[in-house]
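Here come two complexes built around subunit A, the first alongside subunit B, the second alongside subunit C.
The block that comes next holds the complex of A and B.
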């Protein structure tokens, strides 16, 4: 899983050397930023159900045709799956906040995403709307500190870009 | 390869839950500088540690450097020094990552079988690793034994924290123990 720590170790290993002082510098840089990331991860974990629910409601509100017969949000089973998908993205965002890199989103969310949505004929626009809603809903200092919110929004932007 | 953070993520993903135990990771962050100092203490003393460990192993078992021994001639002694350095390097990586996966995947996986095929004696290898374990503890604590080191005494600086990074000493020791149990 790609993170600052593993990247540093992988490159030191490729050269067959012990961690150098510049390796340790870059690890320290990531550690200094980590407090904000972990704060965001903690707050998101505590509220992930509400955040996912609001994001889901927002995208269905913008694309009400999804409720029509045969569409992706038409039955209770489909509705539950849509809500679960949104929560999956938020969970992966939380993982990225913990790891300090986009590894979890890349490996578990984005890889194969296009193929899966095409095979299931799912539109990506509602996902974009849901994640954009979540991205604009966060507010500092009400929800978390300003720096934590910046980290959180950056990862939501990353997920949004992967879908658009 | 995983680190302390991605390990938490992978185990949370197994139950599709969010990462709950942020406290342990916060502690990792809070003691981050200690960890970097510990890694630096080992990396800066690595060649000294390696040559001492191999020399110590040979001291206790002179047969190794006699004809037919595994550290005779120079070519095989050099291979032995190289291997000790490789093991110490992966232990250092594991200590930096806060997780043993890099040590397991890239160093220990298949090492026992390789050594068996090459006829490397396990007991001697384990002894050298044990010596490196003691050295690593002394260097992380920055408390090397004056009576043993004599004129070669090496120190990193003055004491920074009162407990002398006891938790990191324990963590580093656990990685050395992992090497020992993988070999024996």
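The block that comes next holds the complex of A and C.
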């Protein structure tokens, strides 16, 4: 699993050298931000169902057409095109917060996923809208500390960027 | 092209263009330029194409604009807007690797024989941090054989899916499939994306012998069916395959029983039924199929109640689990699930599309003759896999009288109907 630590060690090992001072600085930076990341990870884990549902609801509310007969949300039960996938991406964001790197999103959510969406003509817009809502909705200190929110939003941006 | 999701956002062309042209900092909370760029796929008009070109020319670097720009490039590709080729070509030099990826892909969709553009795309293979798979696929699609040497370098890439694309491309260019075993080996890769992506490479390689291997790959039926179907179509066009060559694998995939898959996961010890039911929600279908196999082997008696419970709680709204629950009720031949399966057969919501053919197969397993007229009615639907599965289910129910439409457009459905008639 790729993280700042594994990347630094892997590149040093590949070159047969010790980690450089700039390598160690980036590790130090990652460790310093660990508390904020873990706070965000904990808050997200505790609320993941609500966060995913709110994001999904926001997407559907914005596009009420989806409630029309025969469309993607046309019954009172959530017939979620994207609810399960939003939860999947939020789970990967949470893993990234724990790992301290984008490895989980890269390896399980992004690599090849763009290709799959394009090949199957699946819409990315609902994910992008829902994750954008999650990013804009987060509020410090109500939901988490400002530092934790920064870490969380950076990963949401990363996911939005790579899906779009 | 599958267009079932294209009209999701119900905007008029004019509305979408207005939203797309609105400066990002003036966009209202209720609007989205990204949605507008996506939605213009529905309007292959000069006005829509011009608006998308304007969006591509807006190089403001913030994330919200960057994603609109990328999506606009993609939509221009889908619209095969030749007029946009110069502006898309300009994006090949962009710093943003996803913008470059979309530009390359769109040029592949639009099509070009311009040697300078093709050489420029090839040169991207020397640039770090690019989406090499997409670049390789596009060069193959545009049949640019001078790229073979550059592509060859990626055949030993540490990144499996990149190596897979490169091996398949070189095989296709040189008609030399001596390395294709390596691509086939990815069909059993522990990572689901590697399994899915190598199917695309086998399609691109036109390696028809891959069809039976793809049929055993533990990924969603969507990917297996797409692989078998696209290779079958290409093989028929090349005169190298006939229906008889394809039929066994095709029907194995449509039937979709876990015993016909080579699974890549395993458990150290038998999990509880509750755990296995939860596995039906996994996004890696390889895990779902393992769960189904274990449920059938160890929990066949207790499973129906658990399946009804999970269907009510979550399964009816999760298009992955929904599919597996429908199939499982079929394998369990659980008669009380008849109504649930019929509902799935007639569910027209786009994300539940694959559950419809699954329901047809499940109704065949159930053996209830009330399903015969419903399956016959399914033969009038547009979905080829549903029609084919309905023919399989009707044969299983002993009904060989069903008639497909006289102008049935799908050659596989036609061939299946003819084979039933001849038996």
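A few points about this structure:
Definition applied: the second predicted complex is superposed on the first by the 134 of 164 C-alpha atoms of A that agree within 3 Å, B and C clash if a C-alpha of one lies under 4 Å from a C-alpha of the other, contacts with A are read in each partner's own complex, and residues count from 1 in each chain.
The working rule: a contact is a pair of C-beta atoms (placed from the backbone, for glycine too) under 8 Å apart; a residue touches a chain by one contact, two chains touch by 3 or more.
Bear in mind the structure is a predicted one, so any value in this text is a computation, not a measurement.
When the shared chain is aligned, no partner comes close enough to touch A:11: not subunit B, not subunit C.
When the two structures are aligned on the shared chain, A:164 is found in touch with subunit C, with no touch to subunit B.
Of the two partner chains placed around the shared chain by superposition, subunit C is the only one that A:83 touches, whereas subunit B remains out of contact. Of the two partner chains, subunit B is the only one that A:35 touches; subunit C does not reach it. In the overlay built on the shared chain, the residue A:116 is in contact with subunit C alone; subunit B does not reach it.
Once the two complexes are laid over each other on the shared chain, residue contacts for A:125 go to subunit C alone; subunit B is not touched.
For the contact definition in use here, the residues of subunit A common to its subunit B contact set and its subunit C contact set are 88, 108. In the complex of the two chains, the subunit A residues touching subunit C come out as 62-63, 65-66, 68, 70-72, 74, 77-81, 83-85, 88, 107-108, 111-116, 118-126, 128-129, 157, 160-162, 164.
Touching subunit A in their complex are the following residues of subunit C: 1-6, 8-10, 30, 32, 34-35, 38, 63, 66-67, 70-71, 74, 98, 101, 105, 131, 133-134, 161, 191, 193-194, 196-197, 200, 222, 226, 281, 283, 316-320, 348-352. Residues 1, 3, 5-6, 8-10, 12-13, 16-21, 24, 27-28, 31, 34-35, 38, 41-42, 44-45, 48, 88, 91, 94-95, 98-100, 103-104, 108 of subunit A are the ones that touch subunit B when the two sit in their complex. Listing the residues of subunit B that touch subunit A in their complex gives 1-6, 8-10, 12-13, 16-20, 22, 25-26, 29, 32-33, 36, 39-40, 42-43, 46, 89, 92-93, 96-98, 102, 106.
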